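You will see chain A twice below: alongside chain B first, and alongside chain C after that.
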Partner chain A sequence: MTEVDQAAPARPRVKAAGPGGWLGRLGEVRHLGLVAALVLLAIVGLVTRPENFATASNLVSILALASTIGVITVGMTFVIIGGGIDLSVGALMALASVWATTLATQSYGPVVIIVCAVLVGTGAGLLNGILIAYGRMVPFIATLAMMVAGRGLAQRMSDQRTQLVQQDNSMIVSLSTTRVLGLPLLVYVFALVVLLGWLLLNRTTFGRRTYAVGGNPEAARLAGIDVRRHTLMLYALSGLCCGIAAVLIMARTTTGSSTHGDLYELDAIAAVIIGGTLLSGGRGTIIGAILGLLIFTVITNLFILNGLNTADQLIAKGAIIVAAVLLQRRTLKTPT
Partner chain B sequence: MDDNVARRGFLVSGAALGAGALISACTSNEPAATQQASAPAAAPVAKEGNDAPGEKVVIGFSAPAADHGWIAAISKNAADAAKQYTDVEFRPVEPTNDINQQISAVESLIQAKVNVLVILPNDGQQLNQVSRQAMDAGIPVVNVDRVFPDKLSYRAWIGGDNYGMGVAAGHQIGKTLKDKGVSNPVILEIQGIATLPLTQDRSRGFADALKTYGFTVTAQQDAKFTVESGTQVATNLLQAHKKIDAIWNHDDDQGIGVLAAIKEAGRDEFFMVGGAGSANAMRDIQADSGVLKATVTYPPTMAASAIKIARLIAQGKGMSDLLEQQVPQSITLASETITKDNAAQYLPLGFES
Partner chain C sequence: MPRPPSDSSSLLVMRHIVKQFPGVRALDGVDLEVRAGEVHCLLGQNGAGKSTLIKILSGAHEPDEGEVLLGGAPVRLAPPTAAMGHGIATIYQELDLVDGLSVTENIFLGHEPATFGFSRRAEADRATAALLKRLGHGEIRPRAEVGSLSPAHKQIVSMARALSHSARLIIMDEPSAALDHDEVGNLFRVIRDLTSQGVAVIYISHRLEEIREIGDRVTVLKDGRTVAVGLAAKDTPTSRIVALMTGRDVEYAFPPRPARGAHEGRPEVLRVENLTLPGRFADVSFTIRAGEIVGLAGLVGSGRSEIIEAIYGARRPGGRVVLDGRTVRPGSTTRAVRMGMGLAPEERKTQALLLDHSVAHNITLASLSRYTRPRWLGRLDRRAESAEAERLSRALDIRPPDPRRPIRTLSGGNQQKAVLGRWLAEDRKLLLLDEPTRGVDVGARTELYALVRRLADDGIGVLLVSSEVPEVLGLADRVLVIREGRIVHEAPAGDLDEHRVLDLVMVSTAENPSLEGARHD
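Then we have the complex of A and B:
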């Protein structure tokens, strides 16, 4: 809260102005740490399970597993850089998946299912944004309320049952089963969302404003940015990502369910933080967040490949969050 | 600024319109499918002697709120069973997952002086006290599934057998592999929530039964009883084991996700056994189209049987097939194995996930 905070406003302008380039950004010091961590994990995989880890199909599995939460992480990155937090992402994804798989929605076919999921996500995100930007609610509280209410509504709507995607709408499931160049379609969706997110954050006024609003909302307001409207859009964007993620989870599990996305908010926040985004806003990158997420996904994969159970994974993940944040402290102190 | 307001207004009204349209169009789950099938076909358990109308009894009923197809089936089965009797007044309280609320709900039933109580507690330990109060007040309690630690707290217990469920799955897998003549088979186990005693009982039964065939579990991984966790764990497990002979998945709801992962990976060299006995799993088994070849039951019909038992206790009758004049104190249901051969017979008893 002290030195880190003060460093924040100074950085974004530098970041936003410097074009960098994709490889340049990947090569940033903080990202180097994340890439090194991934390489380290890969080495562990190669040593412990050489015959399973480095296979093409395992790598595809890892990407497919990362896709759903990856899309959510992109939205979360925007919200956190903009100085907020969105605790409702898991619940919104669940709600969107349920809403889109009710028998009534399903009767309209796959296109309506997709549109419905995306609209529900975006609509709920907008509501978050209205409460926070215009209702002056603290983001933590507003999205906490949305998280609880969203799950409740999803349970009510689904009658606590698991809703199967019906045979007529198997086009949805084919997002997961159809492969192009060896990769399931949903991985392309994930890649597209990351690419668009990156462009939006690094190549547009919207992105520059996001850094400014998160770094110092008062300065941003004096500079003529409509901070409230911008905040509203950030939460709508996060909701949109939840809607897209809902389509992906329907494809992967062949169902919509109020239990989907359990604790996704924590995984997404952890990935964003590990990726070097400040929880107080104003600073951060999408590439970092995605690398952070991949680290998590690879850990889960490695643990299961080696027959270790969930308890051990949780301990390892906790340790990694702490290590990552401590490392960032060090790298942050040096510049300014 | 005016421009902004207008645009904002447009955005908001657009969202509201969209939401309105969605609400009216898309939230309904009414049509066909969900409604039918889940009603347990008026299982003719008892003879006519037991089913003949007797004195009127009021049965209080309390169970957790449904967060899973199985629990949803419990409440529904209880209500359906009560409906069969003209001499039963069924008085359910609002289902809840909050221990405190369930305690007050049961207290309210005691105060209403119902003749008999049927309770599936959220937690046997924590509801023990209030159930004891009911017994002390002269209201017999039929305890469903999650047992009260104190035998003074209930008149009769009916529930499933988690250890037996593991045993049934172990025998199904062990026997099939033995018949095929597989040596050193790769057997995987996908658990539900690993920290629950019921999960540990299931795993113990599974390992013990496999041991009688000289087999062991190659790898065990826990999921969370949810579809999504099933997909996630199965995707990784399939990568960890390039050749698998059999999988036991503890829960059919979670199994939807497991099957989705298997299909996505395009694997079919093994067979899978499920758990719980959802209608969906039974349909898959009956169709014989995928790797799911069997499931072992943990029947939610126990709630219907509990209502029947409660009625008999309140009317002072025994079970007409038994010699004893009173209902037994404890009934442990066998975990039954459903395969392609008997799926049709079990399907009416399956619960919709």
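Then we have the complex of A and C:
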């Protein structure tokens, strides 16, 4: 927990770091391309909707929208760098939101709601990890099963009804309504998760081992790394992120529902891929994944602002995934 | 230096081939002349340009300068299909077969006999059977899945594939690397059959003794140039060849061994008692003392790699492994490492290295928790980490001396040094070395030998497995000879010579009935 306490004041320091640190990483070609794409999208927004796009309320809504999937994307980045995949994230978020908003849970107050959501997410992630690491199931299959079953359990628990967060527990909702420096609290939660995720991936043995396990599991095992335990922890981490995301979606929508997070797994995977992470594992960055996610979110926003069809939006997203991967293949070839 | 003649007997002539990559001139004027029906050996250290030359021959790269004549006529070999069309087939070190397909499907991959898109399977199977028979391996079934074949049989399938393209020139890149002694003999028989039918073979190997046995002539490359053409493979002195390859007169040098009995009285680092894994090895017992190098000599498949894996915790054998007085519970490499073992595995690239990562990250991989501050949080102190990588890189003389370079850009010998370095960041009691010099050139080998001896002198026990008997005899203090999963002989290395070891390793069970039991328990 001290980690959390230290992290908040640490944030401006990281941002202020010189070209060798955080900003230096942005200077990498891959990220530069993503930033350029974001800037391009912003210009499109400014040109097509000069009166709406650059307003504070619109930017806040973009960030709020990105927060939920963003938290999930952080977990997904770990899993994919570690050589796996997690299809169950959307379903786990829904399950956690339903479990945390049952009347029984709600009667214990907001803290228990949050703890419940986080525990449900982490527990289901652990189950994923056990199946994959110790049951030797293929990640795709194990998390596919969890995706289907998790969604089903959420429907059964909620009787397919949307469960409201009650008045007594409005503290949850305040995450979305209370603003600090103009931004809702849930954006800070998102930023905190990204920061902690970045530190975990880039500054700890856990992160380094994640790259090793994803890049060459056999070498990692023979170097004495407990690959199975590490894999288990990666899926638990992804589940934890789903639990946190569930709290955020409850705050934003004031509900728990089995329909929350539909197709989030695809958005999260797409964001990670656009961000330059190899689906085969061993390579990738959190910053890239978040930039990929922001690109997606801004596109959604632009289409809504311009009153365009959601169908066209899906087509545009598909094209962006293809373009991003093609561009990365070119940048990957040049070094080494 | 004689220019290669291009008389009518030359099947292939390459003149002054130059290939430039960004920042490096990989080939800087290579000449090569190969005659029909000969085994032409290509020698050179890692980085001499052999791989680039092969890639040009197989059509994967196009030369920047120079000409290639095939049967007297200038040809263009790129793209690879063109090279194939000209009858040039390449068998790569890492066999490029598809494990999930059958033998026939692999052989005819890309040129299946077909009518309107329906493959004529029976015909392909018959053709496959004929090819395999021609190679003397009629026992391989055309419908068998390639993944289920032994490495030797896979190699035969690769050769059959080359023949199915009616190859006139077959390039073999380290074909014997994955084969044991018997299988190499068989490979040579096949090669002789092929050459007697007029096929030319370009043979690449680090093993000089093989080149003497199978080769007709030798071309030596150094730093992207041809330094000698058409040497007689049988009777050019080794010292001359090594001198050409390295540019200096070095002998295959092993570091001096401590006096016999020097290790007696030193603590036992490893004690193995009655280690048994049914079907693999049985009743293996031996000890290693601090500072001692013990060699395991035996054929591939004799159980030596499995024994190493069992000691390292990757398998669950019966019996007992005691490291420094403590019993090692089987089944976890993590535990073995924590207790003080280290392994340099057989397949460096697939089992040891993170190829995308820097030399430094590869070195510190096994000792990451040493650089954490605070430990419970697992935060990496990157300054401490890179300082340690820097120190080890310098101590091991890893070249180029920049630990931030991606490890894939290093030569095999330097990569292997990094793998050893991985285990030196922390106190190791026992190092297990499985084929430590595979794919390492002659010059770097000498350095690795000296390094291993130095580690032993520091008090580490070393268990060495190698297919190359001279290496085991030259480096180890004591040698255990393994045959069919049992230790059949144990002696100080000085009391053995290559012939004696080969005799022990290869004597058939029929001649020695006392061993019959080993196969049935």
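The working rule: the second predicted complex is superposed on the first by the 316 of 336 C-alpha atoms of A that agree within 3 Å, B and C clash if a C-alpha of one lies under 4 Å from a C-alpha of the other, contacts with A are read in each partner's own complex, and residues count from 1 in each chain.
Definition applied: contacts are C-beta pairs under 8 Å (C-beta built on N, C-alpha and C of every residue); 3 or more make two chains touch, one makes a residue touch a chain.
Because the structure is a prediction, the values reported are computed rather than measured.
Student: Taking chain A as the common reference for superposition, should the pair chain B and chain C be classed as clashing or as fitting?
Tutor: fit
Student: Is A:307 contacted by the first partner chain B, the second partner chain C, both or neither?
Tutor: first
Student: Given the touch rule stated above, what does A:80 touch, chain B (first), chain C (second), both, or neither?
Tutor: neither
Student: Looking only at chain A, is it chain B or chain C that touches more of its residues?
Tutor: Between chain B and chain C, B touches the greater number of residues in chain A.
Student: If you stack the two complexes on chain A, which partner ends up touching A:226: first (chain B), second (chain C), both, or neither?
Tutor: Both partners.
Student: Check whether A:146 is in contact with chain B, with chain C, with both or with neither, and answer first, second, both or neither.
Tutor: Neither partner.
Student: Just chain B (first), just chain C (second), both, or neither: which does A:65 touch?
Tutor: The first partner, chain B, only.
Student: Considering only touches as defined above, state whether A:203 meets chain B (first), chain C (second), both or neither.
Tutor: It touches chain C, and chain B stays clear.
Student: Look at A:212 in the shared chain and tell me whether it touches chain B only, chain C only, both, or neither; answer first, second, both or neither.
Tutor: second
Student: Using the superposition on chain A described above, determine whether A:254 touches chain B (first), chain C (second), both, or neither.
Tutor: After superposition on chain A, A:254 lies in contact with chain B alone.
Student: Using only C-alpha atoms, work out how near chain B sits to chain C after the chain A superposition, in angstrom.
Tutor: Once the two complexes are overlaid, chain B and chain C approach no closer than 5 Å between C-alpha atoms.
Student: Overlap the chain B and chain C contact sets on chain A and report the shared residues.
Tutor: Dual-contact residues (chain A): 226.
Student: Considering only the defined contacts, which chain B positions touch chain A in the complex?
Tutor: 4, 8, 11-12, 15, 18-19, 22, 25-34, 65-69, 71-72, 194, 219-222, 224, 226-233, 235-240, 242, 253, 256-257, 259-261, 263-265, 280, 352-353
Student: Can you name the residues of chain A that touch chain C in the complex?
Tutor: 3, 199, 203-209, 211-212, 215-216, 218-226, 282-283, 336
Student: Mind listing the chain C positions that touch chain A in their complex?
Tutor: Interface residues on the chain C side: 312, 314, 332-334, 336-338, 343, 345, 350-357, 361, 365-366, 368-369, 371-372, 377-380, 382, 406, 408-409, 422.
Student: Residues of chain A touching chain B in their complex?
Tutor: 49, 51-52, 55, 57-58, 61, 64-65, 99-100, 102-105, 107-108, 116, 119-120, 122-123, 126-127, 130, 155, 157-164, 173, 176-177, 184, 226, 229, 232, 249, 252-255, 257, 259-262, 300-301, 304-307, 309-311
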